[in-house]
Structure formats: structure tokens, C-alpha cells
Amino acid sequence: MNILEIRNLSVKARTILGTASLLSIQVLDLGAGEILGIVGESGSGKSILALTIMGLLPTNVRATSGSVTYRGQDLLRSSARGLSARIRGKEITMIFQDPMAALNPVFTVRQLLEEVIKEHHPDYDSKRVRGAALEMLQLVKLGDPEVTLQKYPHELSGGMRQRVLIAMALSSGAKLLVSDEATRALDVTIQAGILKLLEDLRNKLDLSTVFISSNIALAATVCERIGVLYAGELIESGPAREVIADSRHPYTRSFLASLPVPERKGQPLPIIAGRSPDPLNRPRGCSFAGRCPIVEDRCRAEKPPMLQVSDGHDVLCHKGGTHQ
Amino acid sequence: MTRDSGTTGALSGDTLLRVEGLKKYFPVRGGFWQRSVKWVRAVDSVTFNINRGEVLGLVGESGCGKTTLAQMIVGIYPPTSGRIELDGIDLGKSLQSRNLKTKRKVQIVFQDPFWSLNPRKMVRDIVGEPLVVHGVALGSTVVRKVGDLLEMVGIDRARLFSYPHEFSGGERQRVAIARALALNPSLLLLDEPTSSIDTLSQAEILNLLIEVRNRFSLSYVLISHDLSVVQYLSDRIAVMYLGKIVEIGDTRRVFRARLHPYTEALMAAVPMIHASGEVSDVKPLEGHVPSAINPPPGCRFEARCYKRQDVCAVEEPPLRAIEDPEHLVACHFTNV
Amino acid sequence: MAVSGDLTFQRRAGRALESSRTFVKLLFRNRLTGAAFVVVTLLVVVALLAPVLAPYPDDGRGVVNPSERFQKPSSEHIFGTDDMGRDILSRVIFGTRISLSISLVTIVAAMLIAIPLGVIAGYFGGFIDEILMRITDVFLSFPPLLIAIVVASFLGPSLENAMIAIVIAWWPWYSRVIRAQVMAAKERPYVSAARCIGTSDWKIMFSHILPNTIAPVIIQASMDLGCVILTAASLSFIGLGAQPPQPEWGLIVSSARTYILDAWWYSVFPGLAILVTVLSFNLIGDGLREVLDPRTRVR
Amino acid sequence: MGKFLARRLFTGAFVLFVVVTVAFLLAAVVPSDPAEKWVGPHATSEQKAAARIELGLDKPLVVRYVNYLVNLVKGDMGMSIVSHRPVSVELAEAIPNTLELVIWSVALAFLAGLFLGVYSAYKENTALDHFSRFFSISIISTPSFWLALILQIIFSSTLHWLPLTGQMDTVLKLTHPLTEVTGLPLLDSIITGNWTVAGNLALHMVLPVLTLSSFSLALTARMTRSILLEVLNEDYIRAARAYGLKERVVLWRHAIKNVIGTVVTMLALSAGNALVNTFVVEAVFSWPGVGNLIARSVMNLDYPAIIGVTVFAAIAYVLLNLVADIVIALDPRVRLAQGGN
Amino acid sequence: MKRKLMAFLGLALAVTLLLPGLTGCKKAAEAPLSVTYVLYADPMVDWDPARSWAAEDVMMQNVYETLVRVGPDGKYIPLLATSWQESEDHLKWTFQLREGVKFHSGKVLTAQMAADSLNRTLEMGKSACYIWDGVEEIKAVGELTLEFVLERPLPLLNVVSAAYAAYIYDPSHTTEWYTAPNADGTGPYKFVSYVRDSEVILQKFPDYWGGWPADKKTFEYAILKVVSEAATRRQLLTNGEVDIVEQVPADDLAALAADPNIKISNEPSYQQLYAFLNTQKPPLNNKYIRQALSYLMPYEDIIRYVMLDTATQARGVVPPTLWGHNPDAFQYTYDEAKAKELLALGGKPNGGFKLLYTYTAGDKNEQRVGELFKDALARVGIELEVRGMTVDSKYNLARDPDPLKRQDITMLYWWPDNYDPQGYYYSQFHSEEEVGFNLGGYSSPTVDALIEEAIDISGTSIEAAIAKYHEAETIIIEDAPAIFIYCENYVRPYRADLMGFVENPVYPNVVFFYDLYKGGD
């Protein structure tokens, strides 16, 4: 059973230079208890996807069509007020790329955490709120929670901040966690710790997770399924192993082939020329047509369809599934 | 024209750069009169050398001092103490003390290709400036030479009169490389050269760097937090932790042996996709990097180390050769 | 704003500004800014052609015409006449010259003092910086108008002295802005790159850094053009600036004060002239800032 | 924090010292003979000479300067050469009146400006936002002296709602004498329950306060709006919303707390500007405050008084800067910068 | 907490803004009768009656008294002195003081106190003390008898009635006490309170020797209110908030005259406007050029457009209502043709030179005279720079040791310190070593001698003195060291229900509150 279903979603922004098409997803599903990886380079629309699910898009950015359905409720149709009252923060929650920026610098950890707990448990007295706060900090494996509670965000290290943020995110008892590059600002050793924590929490709390990352290897280590974004479009999605070992979209393939992995040491990497299209000025056909090694005329003329390669493995390509 | 970079050992070639006991302490200002009272030991007694045509990769977590080290070699920061020799000549403390001749031998390519090119200048001026400053070319020859340089890095000569904002990130990085190459340096410092550009462009830059290295027999100091880039490009690798080199040696050997527990933890934490499509698992390292203001007296990694014993807290392990004279490790217990 | 890393099109918009055509297009997208530009252009034309455009150029120069005192606005005197029978429209038109030149001259003078000092202090730091910062500390510890009042009162009331006072009050602000910008810019990699290449300090300062730091100063200056007009008018109003019969707007309003009950037009029109001019400069400054620096800060 | 404030106090003292020195030197080099003013134009040269000694002008400049500094520390700013009264006394009479004007206008600017700014930011790009922005920038572009005149034309000359000028009806002083408690007339009248006088004072205060606060108000509104817009776009606001906090809490607790420090800082500095603007406003409204005092002193070249007012303004401004610094220093983020860099 | 604070502030603000609506409208009906006189600037500069020499007389003439006062008609009115006698040789005067005069402090006036206070004034030597030149001794010769011993004959009544330096006050107070500010005189009103640049409040002195008429509604309080804005002054008057207003701009008079509730007192004064010509600097060192300028002053336009007929063209040195005026003196008129002839005589037939006209910045009348003069001069090829300066810098420039550095034309108003033309002549046209008020630097031995003689004999024979003055005046007019522009009227609008107000040019701008009472119902 899918906890989240995205269909024909299109997100656009009004900017001083014109209308920018930021995100376009035909089909994307997230099963209950599943970790779904969304990978893509910066500017590919990953964060927009996160904000769309959360209903937190900036004022000049709007989902213009399609649906984002959470347990049968279309999040795009709910009014902002209704969304926040019923779903956002209660059912769906989010952690952010830069925990320092996501923790209000003028409050202590205690104030931040207790406020969220009080919001969701209005019946708790202050003692119980305090207890719950400590519990949450223990849950995210923060050593010395009593001390941590007294601190301001800037007094914590990057990893601790991210754990505090996760504690806040999970205080509501949400079932769906959107993690927007939650480890990007962290060193690799710390990053690995957070990944472990997310896996633990998923198991412990039966949490479904949208794990957004620019690092496909990272996503592959934690996710069952992966979706690849390129220039705001979901071009391939499927089981993680399959997408990596048997990728069908030329972009995914080029991308993986150009990684400087140890086995390629001493060999030149394959080169894909060109740059990703301007969101203000999308090409008529396939977004990747300008760089694609197997491009055909129709790729430049018409938008490619989403083709199923195998069960749960879709690819957005005119030549979907066919190796050259 | 590729060659197996693995064969170039430190002993086999002639030494280009010698760095000896290099230190950089930054003052922490405090107190009523803003007098410095504490020091951040960003780089603490670092010694190594690089051969002609060799690529040394510097890895370590943020704040380990790798960027400071590189910038000292280029001369952007004067070192607190220590010696930097290029071709046997002492480079002196700061840029001011270096003459044009030595300056041109060491050049740098920065991480952020947006800010490393002056946004108000045309490519001709950006790449041509070193030529003009050093009197290598004048007038129309500048344009010709800049054109040659651009072509060498794979940019159309016709774009001489474009501004940086008209280029993509990868192209900008090529322009930066062209500028660095304009003076025929013998050593190029690459400070995270690909971390701000997308993966597809990264491949181009890496290819270009290898090509250029081979063509001019250049040496690189490559700084990157991305271990895959480092292992791909470098002949030797130095792992830094809290201002010190904890392990240094041939890239393949270090990647395989991982003698220092920190190297081990670092490499275990990096997720990697192998050419086969296999994905390696990650292992976290517990604890936090201690402050560089008051580093622990013994081994700096002591607090987070699983091999930790009493001696580690009091005695600083020296950098010594294990197995191979070129593979140095600073750990008391590499044999255990 | 880490989460909107995806909104790189906004950064791209910033880069697009490097091309001047886009820049102008963006600037004029805001209709108010466009209108302000038109108004300022008109004001400049009016100032240049004052003797041609003014219906009674002699009145603008101060020639009195006592038999036509206090004429209500009419087709003959669109803004009416003042207590000496002069055509107020002509005086306001001639006043454009004074106000525009005050603002331009003082701002340029302040910048000429401030920019070299700010660049040098910011680039070299150390002792020079320390001295400059202590000086600016003192100046910044005061409202500019107060400095202007004190200086003007010591120098004696005249338009020239008011301008000197304004320059004295203003330059440290620019020095500060420039210095901060230079401090930030000198950490940019392209400066390090230039240093590694061996480019001389002077060339780095004035060829690499200055062009990249000038934008905030330009924004500040465009706002200050209006602010200076206000300050000068205030000084004239309290008797420390222009002296009669100069057609300075603040001075005209000051003279009109006495007749506020019977001759509303006398104070209303020159006051409106100040308002419209300053408003235009402020709108342009706002527009520039919105385009050049989306993270708007208000001084 | 303590050290930080100590350093700021030190800087403040330095600024004051420079101000006093510069003002004193300026007064000394300006070609105007205080002695002649002291005795008047008809005086004989013997009288002038006596006056020079009386005023200490016969002593060398350095001695006069040191004397002035010593006296200043004791609170003695010398005698006005025009009114022959101690400058400190004249200042002491004028300050409360100005202070009351400034306090009320700053309070008004803060409340109304904050409200307008928050509302404008929250309704970004609506007609109301556009109106409020245009209103603010127009107010900022309006010369305060002209605004004062226009307000007078409307509310006094035409509508007859409010008095044209002055601080209170003189007759009331006789019928309802005011007991002095704090020295601030309106506050005193409220404290002592002298409602007739309080009402009258307030009535007279409306136009000056409106004029004086207009600039700060508009500035506050603009500032609040732009910072709030920035803050509302911060991740921690997104986070607060993402964690289900109510919009009211997000706006008035999380967002405002990050805005208010900057606004208060700016307002503290703009209070200094308001102080100077009183020079103009007091002139128009015949308000017996510091502005009026300096206007008169400037016209008469009464240098001791000019220096006195300048020093007072400097002290006020240094104090306000200090307030701003304290507000900044209270922000935990600054403590980070203080401790950690 | 913060929200509460803000709410409180908001509430407080709202209350203060709304309060007026509730209470402010009800004017206190039980208020005692008061009269308010509005001035444009704070009159109180120096509170010491011995030193006061500015507009303080507006207040002091009501709080302090002199021995004698000069009435509007020029007659001497006994005040603290009930009678006086002059000795045969004119060198000794005896004044009999009024009995039972009380100071505000309650002390009773004695001749000794009167002598002491005048002697203190003389010792301090400030302000207008020069008027006592020629008095050798002032002493009390009886409980209420005051004797003045003179060095030379003087018109002593004009001295003891002066607006400055002639007050009788309690000499036992210290200078500090007086400047506190305090006042202790014998006048009909006592000093109550003072707010700088705002107001002086005086209260009826119940023990005033003159008593208070029971049948008239005299004023319990007299208030001097400072309102620098002319428009406000006018509005306060039309609203009925004040009773008399000083120096309303002539432009407002038409509107005020139309108001039935307002009367306007428009009386000639002793105040004349002079334009001093720098007689020591070319080209104005040439008599013909100076005469030419005198012919070029557009007198009629000035009277009509600047003064709106609240002034008359000056005739000679002395204003028409003061003794010593010569109704037959020569009067220049605007005459371009004559001026051109004179310019030719002076060697400048086509003008072609530039002059600097300096006036006190802020003085509209001086400024406008300058602007009109500039126009007139431009017609004959003379360029006039009209420059406003602070009083100080204007004087400093005029007193520059080097006459060539001084301005060409300096504007000056003159009015007497006492009822005597001597100041007009001596201060303005007698040679000076250092420039005082002879701002043209005029020096003529003949005129000097005539003025000195006139002053000397004024103590014995006014008529003889007048003759001498006229003789000097003829020469001065011929030499034209100054242009005599106009003699102002004092224009004072007041509420129609205010009774008893009479303009007294001897004491310019003073309103004698004792004479006033409320008319009507």
C-alpha cells in the first residue's frame, strides 16, 4: 500500500525573469515503511519536491497541476490552513539540509523541542513535556541529553544539530519523513552516523522516508527504491540496485559511468558535453536531448513518455529500456 | 596518452616540493584590548615532499587544515614556522617575499568557479593577466596566447571576449585552469576543483587535469573531501586529522591497507558505487573532532579511536614507515 | 536559505544582471522605478534648461516684482507668486538646479574622499584601517544632520558651507560601506588568484576589487542623493543653508511658513518638489537594490 | 558580555572626548569674540578686557581646554554668553520637553511601524503591501518641516482640531498647577492624576509627535518588512511550520523574535535621529526643547551653548548606541561570535 | 511578557491620544482673568535689571519701575518719584519718592534702596549705562529724597525714565539671585514663572502702590507668550486664545482688519531703518555716488510693497515723533535721472561697479529692501549683491580694522534707549576710533562738534540743542553717509474686548498690563 502517490505533478515559479518550470513528475510512489531515494544534482528540483510535499513552497512557487496524495488525501487541494492543521507536522514531517539554518538561533534546544511537543500534546503538563523532550533526545542517540537541552543551536556540533532537528521532526509522531539532503553539510564520518540513525528510526517507528540526496551512492546505501531527477523531471525510478546496475535512462547511465570509481583509475572518463537546460527556457522535447549520446530527432520534438521497464522500474525516455 | 599513475613513486622521481615542519597557528582574539590569547593550530608540523609530475591527494574532514596547508604553499598565508622549498629553493614566508619568478611556478585552482573568476572581467583579461603581469606577452600576442590556452583546456577561442557568467560551472573551472597554466607552473594546487560542479562536468575536468599533467609533467596537490576523486587522480595520498598528517603513502596502498584507524574510519564511512554496480555499505565514526584551539596532548585521534590505549592520551605517535619506506603512519598500534 | 538551493534560477537572475540590457529591463519591470527614472530624467532636463523652461526666468534668479504679490495659482502663474511677486513655478524650476547640484556635488565629493580611503583601509587593514575606523566611529556616532548643523553653524550659514558640512558628515558612511565590501571581496578566490599570479596590490585594489564592490555604494548613493537634498533643505529651513534670494526649495518653504494661512501654494509647491525629487531617488535606490541585492537591507 | 560592554563604553567615551575636543577647537578658531557678546556692543575696551578675564579667555587655549574638560566632568558646561545662565541649567530645562516628545514618537514609530511592517510582509505583494510600501517610502522622502506645515494646515488651520503650536495652554498652568515628579510634564500629569493638564499636553503633542515619528515609523515598517520577509524564508521558519506549529506561533514567536532585535537596534539609532529632527520640529511647533535651544544658540553664535547641546546629543547618541549594542549582544548568535571566533 | 509590554504601551498611547477628546475641550470656566501678549522671540535674555539691554523691557516695565516715565504724548509721568527739582546751575536734581511703595518681597522702598540699586547698575557698567554719563553721584539725602549730582547739565528726566539701566529694584539681592531667574520690583505685576522660549507669567501684585480699580476687570495674570511662527501668532489671536500680538507681518493685516473681533493699533514709532554706506571705501567714499544711491532707493515701493503702508519714508536722522525731528529736513526721493547725473559727477556715469549689501539673515524687511534696491541699481548699471548674515558676522565685517574689507552697505535699525535723540546722532554719525554703530565710518569734524554741543546744552535748553542737531543733520543729509529709508509704525493687533491699550513709542514693544482691562460684559 502506498503512503504517498505523486501523479503528473508540475511546479512552476514566477520570477523576475519569467516563469520557471521547476519540477515535473509523472509518477512516483512511496510505500509504507519504505525509504525512497530521490537523487539529482543541484538545481534538479529535489528540494522543490520536498517543499511541495510539505506544502511549504515559497510564495512565488506553485504546483500548477497534478496531485500529491497522502493516504488518499490530495495535499495540493487542501488549503494551507487545513494542511497544517491536519497533516503537516502531524503526519508528514521534514528535516533539512543545514540544521543550523533550520534551528531558530534565538531559542535553546529545550525551548525548540518542548514547543513542538506541547503543540502535539496539549494535555501534557510541563514535567511530562520535559520528560518527552529527554526521551526524544535519547531516541536520536544524543549523549548527555540534559546538557544538550540547555544549549543554543550554535553551541552544538553539526551532527548533534541534525540529531536535534530529527528529534523535533519526530516529536509529532509523524509517519512520513522528508529528508532534504540531511547529511550534505556534514563530514562523511558524521554522515554515516545519521544514515544509521535514519535506518534505525525507520525500523523502530515504521517511518516512511523520502530521502533526498545529490549523492547517488549514499542514496543507494539506504534506499530500497530510487528516483532520479534531471532538470526538474523525474527521468527514472525503480529499485535501487536495479537503477544502478541496470539503469535505462541515458542520463543515469552517463552519470554512473562518469563517476571516478577506483576501477576506472588511469582510464579517461566518458564525457557528456553541454549543460542542463535553463528552467526558464525548457526545451520542447526531452530535457536531456541536448547532451544525450543516443539522441534522435523525435527526442528534440516531443516530450518522452514514462515507460515501464519492469515492475516498479520506470524510465522517461523515447527509447525507454532499449540499450543501444 | 595515458600512463599508469601508480608507478610513479616518491623515491623514483626527482623532488619538486619539500615541505618541512610547516605550522600555521591562527590567533584567537579576545580580552578587552583584542590581544590574542589563544592559538588555533590549523596546521601543526607537517612534513612531506612531492616529486615532479606527481599528484598528491590531501584528504580529511572539514577543519583538518588541508586548505590552510595548500594556501601556505601558494603563499596566500604566511606560515607560522617551517620551510617550503621548490626545486631546492626556499620559497620564503609570504607572497610578498617571493619574486615573480618563483610565484609563477606555483599556481592554484579554487573550488568555487563562480568567485575565482573576476565577474567584471572578460576571459581575455582573466587568462591574459598573468601574461601581462609577468611580461610574457604584450598587445595582440596576449590575445593569441590566451586563445591557445583556452583551446588547450577545451574552450572555443571565439569566447575570448565573454564574461564568466556566460560560462557553465565546468567551463569556468576550465578557464581557471587555463589561467593557472598561463605561466607554465611546475606545481598546481587544486582546492576541491570539482566539488561545485555537476558530476558530468566533473568527468571532463578530471580528464583535463590528467591530460595537462601528462603533457607538462606538472605536479598537483589535490585537496578534496571526495575520496573517489582523490583516489582517481592522485599518485600518493596524505590523510590529515586536526592539523597533522596521520598517514601518507601510495594511493592504492593506503586505500588497501588503511593502517591508521582514522583512515580506516574515513574510508569506511564513504559510500561508493563500484563499476560493477555494487554499493559499499557505510560505517559511522562516533564522537566529534576536538577543538584545534586546545588539541589533546597525545594522539589527536585518541578520543574517537577504537584501538585507544593509555599511551595514546599522553604520547604523540610519530609519523613512521610501516612495511614500505614510502608509507608513513602516525599511530602507536599499527602492528597490533 | 539552504533549502531553496534548487531555486538557483534566482542566482542565475543575479548573474544575468551582468548584461546591461537585462539589467535595465529588470529595473524597469517595476513601474514605480521606471516612473522614478522618468521623473529624474525630467528633473535633469529641467535643471539644464531652467532659463528656457521657466516662464519668468528673471523671477527664478531672484528679481522681485512687488506689484504681483501673492497671486493665486492661475494660468499665468501656475504655482502662484510669492511674497515678492515672483513666479513660484520659475523659482521651483531654478531650484532644481540647486538641489540636483547640491546632491551630486556632495555625494561625488564624499565618494572621492571615501573610496580611496575605504579601499586602502579594507585591503591593507592594520594601522591605517584602525585609524580610519576610529574616525568613522566618531562620525557614525552622530546623526548626519547634527554634524551638518554643528559644522554649518561654525562655518556660518551659506549654501557652500552647508555642502561642506554635508560632505564632512557623509564620507565616513561610504568609507565604511566600501571597507566592508573590500574586506569581503579580498577574501574572494579571484583576488587570491591575482595575488598568486603576482599582480600588484594597487592593481588588485583598483582593478579587481573596486569594480566588484562599487554596486552597494552606488545603491547607497542613489538613496543618499535624496537624503542629501532633504538634509540641505532642512539646513536651509533652519537658516543654516542657502540664503535668500536663492531659490533653494527648503528655503522657499521656510519663507512660506509665515504665509501659511493665506498663501497655501507658496509652501505646498516647493515642498512637493522636494517630495517628488527625493521620492524618485529613493524609488530608484529601492529598485536598484531589489535588482542588485535581493536580500534587501534598510539602512 | 561584560567585557564587550566595557569596550563599547570605552569607545563611547572616546567618541565623546573627540566630539568635545573638536567642538571646542572649532569654537576657539571661529572669528567671533565671546567677550564682546558677553558685555554687549556698547561696552568700553576696559569692560571687554575685564570680560575676557572673567571668561578666562586670557589664558592659553590649552589651559582653557583642560579647564573646560575638568568642568565638563563636574557637569559644568560654562555660561551661555547670551543669556548669562549656566548652559547646564538651560539644558536641564529643555531636555525633559524634548525627551517626552522623542519617547512618544519612538514608541509610536515602534508600534505602528512594526504592525505595518509585519502586516505588509505577511501580505506580500497584495495591494495593501504595495500601498504600505509606497506610503513608507513617501514618508521617508517627505521633509519633516514640510510635513509639519501640512499637518498644521490640515488639523489646525482648516479643521481646528488641534492647537497649532506650543506645549500646553498657559492658563492651565495657573488653574491646574503641575507637581513635578519626573520632570517629564505629560508623565507627571498622569502620575499625579492631573487629567486636565494631561489631556491638554497630549493634545498639543499630537502634531509634533506625528511629525517626529513619521520618519522612524516608515523606516521601522520598511525594515520590519524586509527582515521579516527574509526571516520567513529561512529554514527555521519552514521547520517550525513543518513541525506543525500554528501560524500565529510561527509568526509572532519564531519570526518576530528574530526581527525585533534588529528593529529595536535600528530604532535606538533612529531615536538619535529623532533627537536631531526635533531641531526642525521644535522650531515649527514652538516646542521649548533642546532643538529650540540650539536654534537660538546657533543664531546668536552662543558657542558654550552650542558645544553644550552638541555634547548632550553626543552623550544621548552614545547611550543609544550602547542600548543597540546591548540588544545585539543579547542575541545568542552574537555570543557565539564573541566566544567562538 | 513582551507582548504584555507592547499592549501596555499601545494602551498608554491610545489613552493619551484620546484623553483630549474627553477633557481638553472643556475650557476651565473658573479660570482667573488673564491677558496674554504674544512675542515672536523670547524677550528674556538677561534677568538682571542692571544689565538688561534687550527685549526684557517688555517684562521689566511691568515688574520694575523707574522714577519717571515718559507718556505716549511725550509728557513726564511721575512713577516712583512724585516730584523733582532742578537746581539753578542745572547740576543738582532732587527727587521726592512716593510714600509706601512696596516691593514684591514686601520690603518698603526707601531713597537709600533706590540710590543703591542705581549705583549698582552704574558700577556694573553693563547695558545702557552710558546714558548716565555726566552723573557724578546718586545719593539718598532723606528717607524718601534722592539726590543726583551732575558734572554737567543733563536732561536728567530723559535718563531716569529710560527703558534700560534706570530701574529701581531691591539691591540686596545678588547677581546670581537675579539670573536664577528671579525678579523683585515695585511694579504692578510680580514675576511668577518662566519657561525658556515659551512664556513668562506675571501675576497681579495686590499691594501695588497705585491700587487696582474695582470697577474695571483688570487682569489677575499677565502672560508673555513666545510664538516664533507668525502664522501661529495670527491664529492664536483670531481664535481668541491670546489678546495682543507683537509684529504681525504686514501681509496679515488685511485679513485681520476684516475680523470684527480684532482691533489694530498702528502708530508711528521711533524705529528707523538706515542703510549705512561705507564712506571709507571706493566708490562710496565719493559723496556724489552716495547721494546717487540715496536717489536710487525705491522709497515708495518699499513703503507700499514691503511695509504695506505701515511705515513712512524717513526724513532725516530722527523719527518724526521724537523731539529733535526736523520736519523741514531735505528728503531724497526715488529719481533715476538725478542719480545718473550724480553718478556722472562722481565719475561713474554708467555705473559699472559692484556693491555688497549685508542684512541680518532672517529679517524679511531688510532682505526685501535689498531685493528692491538691487533692481533699482541694476537699472543704472550697478550690481548689488544682497547677502544675509548673522548679526554677529555682519557687525564683525562692518568693524573690520581695514575699511576696504568692510561691506559697502550695512543695514541697521535704530531706536532710542531713552527719550532723547542723542543716540541717533552720537552713535551713528559721530566719529569713532573703533567702529561701534557708526557703520558707515563717517567722520566730519564739523558734525562731531555740533553733536557734542547739542548734547552739552540739552541739559539746559532743549530748543538750543534741537537747533544744533538740525545744523548737524543738514550736513549729514548732504554728505549722505546713510540712506534714511523708513520710519516704522508699530502695528499691534489686539482683541477688541481688550481695553486700555495705548502704544507708547518711548518704550517700544512694551505693553503696560496695568492699564489694561477686559471690556464687554
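We just call them A, B, C, D and E in the order they show up, numbering each chain from 1.
Keep in mind that, in the parts below, contacts are C-beta pairs under 8 Å (C-beta built on N, C-alpha and C of every residue); 3 or more make two chains touch, one makes a residue touch a chain.
Keep in mind the model is a prediction, meaning the values are calculated, not measured.
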C-E against A-D, pair bridged by the larger set of C-beta contacts: A-D
Centroid comparison with chain B (C-alpha atoms), farthest chain: E
Whole-Å gap between the CA centroids of chain C and chain D: 24
Intercentroid distance (Cα basis), chain D paired with chain B, Å: 56
For chain D paired with chain E, centre-to-centre distance based on mean C-alpha positions, whole Å: 37
Chain A and chain C, separation of their C-alpha mean positions in angstrom: 48
Where chain D touches two or more other chains at once, by residue number: 152, 157, 233-235, 238, 283-284, 299, 301
Sites on chain C at which at least two other chains make contact: 1-4, 16, 239, 257, 260-261
Numbers and ranges of chain E residues touching at least 2 other chains: 229, 231, 235, 362, 390, 393
For the chain B and chain A complex, residues of the former touching the latter: 2, 4-6, 61-62, 168, 170, 198-204, 206-207, 210, 225, 227-229, 231-233, 252, 255, 265-266, 268-277, 279-286, 288-289
Complex contact set, residues of chain A against chain B: 41-42, 157, 159-160, 187-196, 215-218, 220-221, 240-241, 244-246, 254-256, 258-273, 275-276, 291
Chain E-touching residues of chain D, taken from the complex the two chains share: 31-32, 37, 39-45, 47, 82-85, 90, 93-94, 104, 107-108, 110-111, 152, 156-157, 160, 164-167, 169-176, 186, 190, 195-196, 198-200, 202-203, 205-206, 252, 260, 283-284, 286, 288, 292-293, 296, 299-301
Touching residues on chain C, where the partner in the complex is chain B: 15-16, 18-19, 188-190, 192-200, 208, 211-212
Chain A-touching residues of chain D, taken from the complex the two chains share: 124-125, 233-247, 249, 253-254, 257-258, 261, 331-333, 335-336, 340
